[in-house]
């Protein structure tokens, strides 16, 4: 158990170290405001990353999530604009749509034996295209319920806000942890990641599990879309381009292997926070040009991954 | 003074010029500018503004990537009593939430281009092809709408093909090539309207390669007034461009400084001029004036 | 491989390409018209083989990387870097050959970087190349200073828009590069060794294959192809657009490789089939432009067509449609005949 | 009848793996399934348990036709199976592997503690000392094999199927397994047992069924068949079992051309040891599971580079930093785990055979196609590899034939020192004899060989010298007349035999 959790410990250690460095340079980084922001601003990312973690542990990948978030926003905004439905009803509708969308991709992956990379790439085109077809313009949402959700926060000492969105993310991570580590479904996910043929021989219901995994990812992408629409009070088909790559990066930084079969949900949370920390650090620094921003993000990503590898090697050989 | 500047990204030469000009302006005024590049993502911009608030800057400049979705973060800034100035694009939040907006009217730009074309063809039949910006982006939507308004009065002008060129030269050229193929080798096209100059520059090359003369066989009108289009104007390969000045920061800093000094409220919308340039406006000189602005 | 076997290998791609062309020509009956004008061939098929050049070039390198069970997400960014390098050197007055040399070298260096991360640090290919994908565009912008770096050099521009015997130079570039790489891997043992490490890296290493060096070489090959694509894209618009050159083309390149019937799990590969895949994608793209739908439909149309193609080429579907004999043959010789699509 | 098949047929491209096979398993019997490599034993098992879809024929469970579509359905009927080659998930813990699909739950959630307890209970009685919370891949193949067995036993309410379960077990573990099987038989389960170890088959079976080329050849009570007859049934002809003649055991010592390993070892893997390999000599290596035999071999081949010691031959120092260098120095290594370390599954038999030679020649000098064909055909012929043709992907061959392909790969490089880790694991009697003969052949031509094997008889039959490994130390070296089962067993067991390493 402890050996298996090493990547997780390494991730946590590196994150804390990084935070310490940031704090030494900018003491304001330890304010509750920054901590609250870290949770709120990365809520949508954390939620998709929960779905992505499950997919990646099963040995798959889901490139469609960024587009699904954008689609969700547009879907909600357009329905709220066109009908008098309560947002909660629209949310339920949306989650049904994205879950079925994910399940359909899972079904294709299983039934047609096609690689997830390609199926979800097509799904990525499709979801964004569907968003465009609903509206090419950004659609504002002005439902009273949205204001309620935005204003739902707990003011921490120091004016930091612990928002509903942040809490939804933490709850998603917690639910994801339970699902992954405490249910038979979760073990089946690891089993698939360990080897599909073997898992099949051991009696794992491969088809059902695959469909469920992508349905779950679709569901989380939908939930993330809801959170994102609350975050921005709008739906915009061009939103969240490339978020799938951020989510993958967060999952990997969190110590999950892209080859599948190993990883921790909690690590993903740390990965998301790490990405957020990098972002915050760059804004605090404020001296980087557009291009140096990209280079520094890349360099920091590399550093985290190398540090993690280094730490693991040290511990294993020790 | 410390001012945070949340820029959309560096997706075009114009955008890069805006960044450069803003930095130059800040330096000239002795302002400590905190720059943040959002890589075309609203979520990054919101996060950046929140970080600016957490840092306690004196003022914030934002070039919003999209019009919607700014309410809550602007409210937070208002609560922290940090004035926010919008650059070059508008938001649809309540005007109380920001100090002022500096920019041009995107619809108006399109209209200027359209009106120029109406005048240029002077009543002759004209089949126009349109290169749109990135699907869904507000300049693409507004400039399309403005142009359509501009030519609405003229029955002789008709948009026959309209595709997205993603604001880039490569796609502008590629899409123009297929327009030329589809429209009888270009013989049936009378004018090109491009949502930005970069696409127009790409399209001009496509027209030349197809053996036609841009500027004569096919009229070219576009928006932004970046240096390269002036070269094309000088060479007679483009006909008109509508200026969008990259110096949005100058008026913005003026307004901020006045407000921070004694609370003077500026106007809610400081509109920059949308000047039309044609081949008659000494394009070579305009090119020289602009080429070092970081476009 | 003998001619007949090659033909059997690419039969599904040829059929798909035929079907897509047929579909486009329904919308656009003039599709097949090719004329000779201004010293060059003009026509939609010519447009396709010219416009498809960057993706085709990327697909060549990507095929090899995927054969080793890797993936290279950085090719789009590498295109930008190399294009910027080329434009910068022309701008500095170094001349055509220096520009080409420097751009090619930049591509090789980028490939080497990816290769080192993958082969020596053991970072998973997606993540390793994701790093360059993010940072690479920054590097490219650093070179151009964030602007579109334009240049005036007819010889260089010729690479993008010139024609030799009426055939556009970009077309020649991908065809020649394809032949070059094809000969390189099939006339030597490289192809076999690449397939071997893609199928079972550990066993291959134990067999004495120098898998690290091979991985380096493969990623460098991909970087080199990206450099060529970057040069062509830059020459095409007579300027280096660091921010947009090759943007998201890595996905099209991967798609081309998969439509070419190559497995993302590594192993057996066919460069020819990937090139056909690239042409299928470009035919779709050009077809969408010609068809004149509003741009907001572009993505949905592309997605639907791609899904249909993939479903038709799926190894599991055909037996159910009664192609059992074909499929059996395939099982017997995975190197030989994959299923035929869309019959 | 508990479980029967009628006219079961299964065809793979180019092979009829099962040709209307009738098979009957009674409750309370151990029924052994025998046949050469590729006879169709594993295929029969997979069809029975829903892992493969059969082409035609019926499966009857207690007289009722059943048609399991997945192994899950078979499990639900009460059929527990250990498939050939360990089929467990290396990334899961031992406990998770044991309980996968039937984890104890409380309020719908898995309780780790209950899961561990259940796993430990399942493993009790196999005499392995395993921390069930550790991931499976930290344990050797043998332990994994036992875990697989424990899992299958737990799942088998009615039928237990074991496909070569003993291939990587040593005699102690085999004993325990047989005790378990005996218990289950008493409880009325039907047990299908597949093995190439005829001694084990005779010891445990009630009934024998022989398959050949996918056809059912015979079913007999075990007591009524003798060994020779059984072999003849399996092979379709008699086995010419001339005892290999090792006359040269003492002479080899003298020849000058030897490879000398001095103090070679690696921390945490194997303690430094000395070894001198003479030309034309066969060295056996014996030891218990996990004693460090595989590690020794890997160090000798550079697969895990040594961190101490030197290697020399007549031409001076030999560089063994990695397998490439070792191969360049004329070494060859057929690893124990052929599935992950040996075969390149999707490449053809031909390509697998020429691969090592090609790697040594370098990429720029491809072996001409005609030459490849010739070599492939030669080795298919010489090692009697059962394959429709040289272009078949090697992953589709039966296990024994894959092993032969790997041997062929190394013989093709004409090495001077060949390391064989469990070369006869999973190989049928016919092929077994062929491989032993082959070893004699190549040794006669001057090749030196190191053989690691858990089968002492086999070791004794071929080796001039036997090295005994215990607890990661080379503890003794037996030569000439000292090489007997008894001495080896004593060296393995004795806490302080004369230490040579």
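Order as written gives the chain letters A, B, C and D; numbering starts at 1 within each chain.
The rule is short, and it goes like this: a contact is a pair of C-beta atoms (placed from the backbone, for glycine too) under 8 Å apart; a residue touches a chain by one contact, two chains touch by 3 or more.
A quick map from chain label to UniProt name: A = Inner membrane ABC transporter permease protein YjfF; C = Inner membrane ABC transporter permease protein YtfT; D = Ribose import ATP-binding protein RbsA.
Here the structure is a predicted model, which means the values were calculated and not measured.
A.B. asks: Hey, how far apart are subunit B and subunit D in touch steps, shortest way?
C.D. replies: 2
A.B. asks: Using the touch rule from the top, work out which pair, A-C or A-D, shares more C-beta pairs.
C.D. replies: Looking at A-C and A-D side by side, A-C shows more C-beta contacts.
A.B. asks: What chain lies farthest away from subunit D once each centre is taken as the mean of the Cα atoms?
C.D. replies: So the chain farthest away from subunit D turns out to be B.
A.B. asks: Between subunit A and subunit B, what distance separates the C-alpha centroids? Give it in angstrom.
C.D. replies: For subunit A versus subunit B, the centre distance works out to 33 Å.
A.B. asks: Counting only Cα atoms for the centres, state how far subunit C is from subunit D in Å.
C.D. replies: The mean C-alpha positions of subunit C and subunit D differ by 43 Å.
A.B. asks: Among the residues of subunit B, pick out those that touch two or more other chains and give their numbers.
C.D. replies: Touching at least two other chains: 9-10, 16, 19, 135-136.
A.B. asks: Hey, what residues on subunit C touch two or more of the other chains?
C.D. replies: Counting only residues that touch two or more other chains, subunit C contributes 141, 146, 296, 298.
A.B. asks: What chain pairs are in touch here?
C.D. replies: Once each pair is checked, the touching ones are A-B, A-C, A-D, B-C, C-D.
A.B. asks: Of all residues in subunit C, which touch subunit A in the complex?
C.D. replies: 71, 117, 121-124, 126-127, 130-142, 146, 242, 251, 254-255, 258, 263-265, 296-304, 306-307, 310-311, 314-317
A.B. asks: Spell out the residues on subunit A that touch subunit D in their complex, using ranges where they run on.
C.D. replies: 1, 3-4, 178, 182-184, 186-188, 190-191, 193-195, 198-205, 261-262
A.B. asks: Report the residues of subunit D in contact with subunit A in the complex, numbered from low to high.
C.D. replies: Interface residues on subunit D, with respect to subunit A: 51, 70-72, 74-75, 81, 83, 87-93, 96-97, 100-101, 103, 105, 108-110, 133-135, 138, 151, 155.
A.B. asks: Looking at the complex, which residues from subunit A come into contact with subunit B?
C.D. replies: Going through subunit A, the ones touching subunit B are 26, 28, 31, 33-34, 37, 40-42, 44-45, 132, 136-140, 150, 228, 231-242, 276, 279-280, 282-284, 286-291, 293-294.
A.B. asks: Could you pull out which subunit A residues touch subunit C in their complex?
C.D. replies: Contact set of subunit A toward subunit C: 61, 108, 111-115, 117-119, 121-123, 125-126, 128-130, 132-133, 136, 245, 248-249, 252, 257-259, 289-299, 301-302, 305-306, 309.
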